[in-house]
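In what comes next, chain A is part of two complexes: it sits with chain B in the first one and with chain C in the second one.
Entry: the complex of A and B
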């Protein structure tokens, strides 16, 4: 009985028990990734028609394609902007609402979480009306300062940031809830003893709250990257569909459009590059933030 | 006894059946010929059909016209056709959801109308061939069998896709090649690009004193330029060149093609400023609404926009549509049209009567009734524009269609060949670049260079 956990029979049981999940994982996650990689070396229209081997030509064309660089730039802008601003806001609100310090706490939790459950189509309609030159809020406010406003969704320099703001609005509640849960698990004695030692609220935040929630923050950083990339496709498609003239394209949208044009192999190339980028970025972030929480 | 019973039974049966055969012959002289006409009750209503029925029965006293004009006419006449008692004349377009006309075509159930075209319309010395606008005949509208030029259908109505406007703000172009001043609150309908851009200047000047003056132009999304660009290339450089463009030949830097994009770029000074901000899936209706609200004069669109915007269009608003612009006074203009066809059922027993009915429709008598009671319908028949004005149709709307009637407007045939090349999105290149040119982030030269490089890539894959 003492060696139950390490007995060969137990180990064998564990190995066999995980096979079904591993099979599912292999079929639905690992295989498609390698399939995508393989198809990126092919020229195909995605439906009928033959697949012809294309070698590295897709990659050659890709790295000379200005549309690709524009979409890549937009994707990076969104990842950085959404991650940084959402993180700061979510932590801020979480530290205000955690541990029951503020009145009306559960009301605010619900309020902040509502954007996260709205459909993306609804959110895009809300922000479209907000940004609208005819019906929105921005035009009258700017006219108080004597400036005219002719719409931001048609401005190629500003359209990506406008989409980013909608994404931040949607995401803050989700991460705030996670951070509240992490903060609630910090023992109260730490704060009490720090308060007795004369530490200010801000000092307490940086010395106690942040390090103690660090593991949760690390996990959410990976979430940020993945979810921003995925949501960027939904938001851009719902709000602008790449307009004006491709200025708000992100990599997934560009990939979908190329596939619709019948350049299936090329869209797989874009997907492969995006996958490698996202994977590498997550790895780097994990390495950089690797800290022993007891420091 | 048995044989007698059989004989009696047989005679009784004969006695019952005989009257069925006997009655026809004796009453034939006093029974009227029945002509069954069926068709769609759409935006044009059915009042004009009732008027035509009365007029036709007056002209042909021995005829009884039976109309079946309904919104869901296919539901009513399909069982009749299946039972062999279908209508003789059908007014029903191709491209409808029920595809009844397509089914008739594929069942070879249409009468060959070649002979009919050589006959004279009712009460006039004009053949049907000479009455119908030649630019609307052909092109699969009237000869649906591939490789066969025989006419089996005729275009009864047509509607122009192209420039859409509020017909009450427009008066007819006087043909002098320059854009004249505003008269009685109405602007002259431009027929050339020069007049169009000059109108933009006039509007900009007027707006300095009257802020409610409309802007010249808007578009729902840049994708809606997909007919305006080829139609303008055809008008500027000729149909042969636009066919080359459709095959991605390198014609983009010739002077005639260049001026198309230069003119499109020149619209930047006259375009409704909120156009590009609204040129996406959430906002395109606002750009369409701008025409209805009088914020912009012209937009490129298709006939469906009337139904699409019906909920937000005040009653009494009159839509006008016109083909795209010419590049010289009296020069060719191109547009695309939707047509609704009329044809004769091959199973008809009164073919010559059906043909007389069609000849009546296209005669002056028929055209006047359609113009008066047809709720704004346009028939592709010569002289219809004059008939329409006399019958009181909206003058601005008639002004838009004038090009088709005086022969300067032609129907654009063809589209870009199917081709794909990595990294190339052709619709984005030839249409959506307009957004960048309108908001100043790209120049017309950038546009032409992009057309050049992308079309070369596509041509290589053809």
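Entry: the complex of A and C
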């Protein structure tokens, strides 16, 4: 065992620097996450009700619950939609704005980032109104083309995608800034020699930009998964609260609803399954992207 | 000179600029639209969503600030945000200093435990936390609400759940500092607190500022914890208040007031952003890339 020669004063300093923070962290983060796991094996209805051990029964119910699958499907739709479109747009803007090639690049960078600093409630309110058939921005445009618009948030086939668009609007700037930073650190010589060899811009992107930013892209893929799961909860709660009739439920919303209905144990089961799913998906993505895209 | 550069740039990349201008409208217009709408009458909002307000309706702001209590919620938001920030900084500066610059038994384990927290979002645990605090309140005071319906509790939860990310950001920076200063100060007989206060904190100021900026935005915009815990209407924070105006607006169709409330929530953040946008965007590349 390593022997660290710290003076008594330093030892005390280390204790003061770690114990209070870790104690609070254990109480407010670690204990609750294990509590979630534990409660998922319990049948428990309401704060006053009695808890009784339920084994894997909650999990059995979960895997036969069509509403769970609907919320799961919506979560996956949003993860895929938000990740793919945000990634493409952020990469596109970043490759235009990186390295100061274009005049006015800082104006666009500053402006595109703004949605990211706003509260999700603010963005949800704006998009709720923007989508509205009576008050929104879409109906007047469509009526120019002689089409009628009856709103998207009340339409079970369109509501999830409409929430997705608001989420993309919010996220693009953040990832764009990350990709700009990664692209700025690529040496200019690589592009110069590729240019001399006659490589097109598109070719340069796939043979230089993408491989050189690959480590950052991998990190952001994990961010995409985790933040889409979390953000979708806040967006859906503020914009539709699952309406119409649960069609826009995502898993965390469904979890909150089950809790509100008094099915505490069951709601924790949903949380546990989602937590494991998010973690596993991140690990799988990290494994799959471990290779350089050029290999 | 500068204009020439812009024109040259424009002619070189016409398609790129076209695309950027389209997205400038997509990103900026909804926000501007909310500003304009906050100054319109309800009839104007319904009749012509694209028009400018005929006569600015500042009464919407009065209705939101006083009528919908957004003024009170503003004070609550300032209180909760400030307290969350003080608690966070008090925890995070010493802890990330110790974890990144000292050798001691168990350090690796503590680092791993802290980084695992990056995966645990408050969305999952907000209800288990509620149950725990409710139980403690009942056991200690016979009344769970005493602790749950409490702005201090919300601030503590905000602060503690943002500890892992803040330590991750700060430790990354502190690890890169040269050891020379601390060693010289130690030889001069400076204690650890002195070194932290007069050497480490001044050196780490840019990254401490980044943490503060990020967490200010997070705390100011937060609504899930506040909504779950604060049952008394008078204790609400701004985003929770906005959410309830939104719900009322659906039935009462007082959308002018809702837009005004929305502007009240986002204006402080936009003003701050004008001053600090460089620190913020630098912080992202700093924190995000070192993963």
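Just so we're on the same page, the second predicted complex is superposed on the first by the 253 of 295 C-alpha atoms of A that agree within 3 Å, B and C clash if a C-alpha of one lies under 4 Å from a C-alpha of the other, contacts with A are read in each partner's own complex, and residues count from 1 in each chain.
Here, a residue touches a chain if its C-beta (ideal position, glycine included) is under 8 Å from a C-beta of that chain, and two chains touch if they have at least 3 such contacts.
All figures in this text were calculated on a predicted structure; none of them were measured in a lab.
Enquirer: In the overlay, answer first, second, both or neither for which of chain B and chain C A:151 touches.
Expert: first
Enquirer: So, A:234: does it touch chain B (first), chain C (second), both, or neither?
Expert: So A:234 only meets chain C here.
Enquirer: So, does A:103 touch the first partner chain B, the second partner chain C, both, or neither?
Expert: So A:103 only meets chain C here.
Enquirer: In the superposed model, which partner reaches more residues of chain A, chain B or chain C?
Expert: C
Enquirer: Taking the superposition on A as described, I'd like to know which of chain B and chain C A:18 touches: first, second, both or neither.
Expert: The second partner, chain C, only.
Enquirer: Look at A:125 in the shared chain and tell me whether it touches chain B only, chain C only, both, or neither; answer first, second, both or neither.
Expert: both
Enquirer: Considering only touches as defined above, state whether A:67 meets chain B (first), chain C (second), both or neither.
Expert: It touches chain B, and chain C stays clear.
Enquirer: With the two complexes superposed on chain A, say which partner A:134 touches: chain B (first), chain C (second), both, or neither.
Expert: Both partners.
Enquirer: In the superposed arrangement, does A:195 touch chain B (first), chain C (second), both or neither?
Expert: Touch partners of A:195: none, neither chain B nor chain C.
Enquirer: After the superposition on A, what does A:55 contact: first (chain B), second (chain C), both or neither?
Expert: In the superposed model, A:55 contacts neither chain B nor chain C.
Enquirer: Which chain A residues are contacted by chain C in one complex and by chain B in the other?
Expert: 124-125, 128, 134, 238
Enquirer: Which of the residues in chain A come into contact with chain B in the complex?
Expert: Residue positions touching the partner: 43, 45, 58, 61-62, 65, 67-68, 124-125, 128, 131-134, 150-157, 238-247, 257-258, 261-263, 265-266.
Enquirer: Within the complex, which stretch of chain B touches chain A?
Expert: 221-222, 273-283, 286, 420-426, 428, 432-436, 439, 441-442
Enquirer: Which residues, counting only chain C, touch chain A once they are in their complex?
Expert: Residues in contact with chain A: 2, 5-6, 8-10, 13, 16-17, 19-20, 23-24, 26-28, 30-31, 33-34, 37, 45-46, 48-50, 91-92, 94-95, 97-99, 102-105, 110, 113-114, 117, 119-121, 123-125, 127-129, 131-132, 134, 156-157, 160-161, 163-164, 191-193, 217, 220-221, 223-224, 238-239, 242-243, 246, 255, 258-259, 262, 265-266, 269-270, 273, 277, 280-281, 284-285, 288-289, 291.
Enquirer: Can you name the residues of chain A that touch chain C in the complex?
Expert: Chain A reaches chain C through residues 1-2, 4, 6, 9-11, 13-14, 16-18, 20-22, 24-25, 27-33, 35-36, 39, 47, 89, 92-93, 96, 102-104, 108-115, 117-122, 124-130, 134-137, 140, 169, 173-174, 177-178, 180-182, 216, 219-220, 223, 226, 229-230, 233-234, 237-238, 252, 256, 259, 264, 267-268, 271, 274-275, 278-279, 282.
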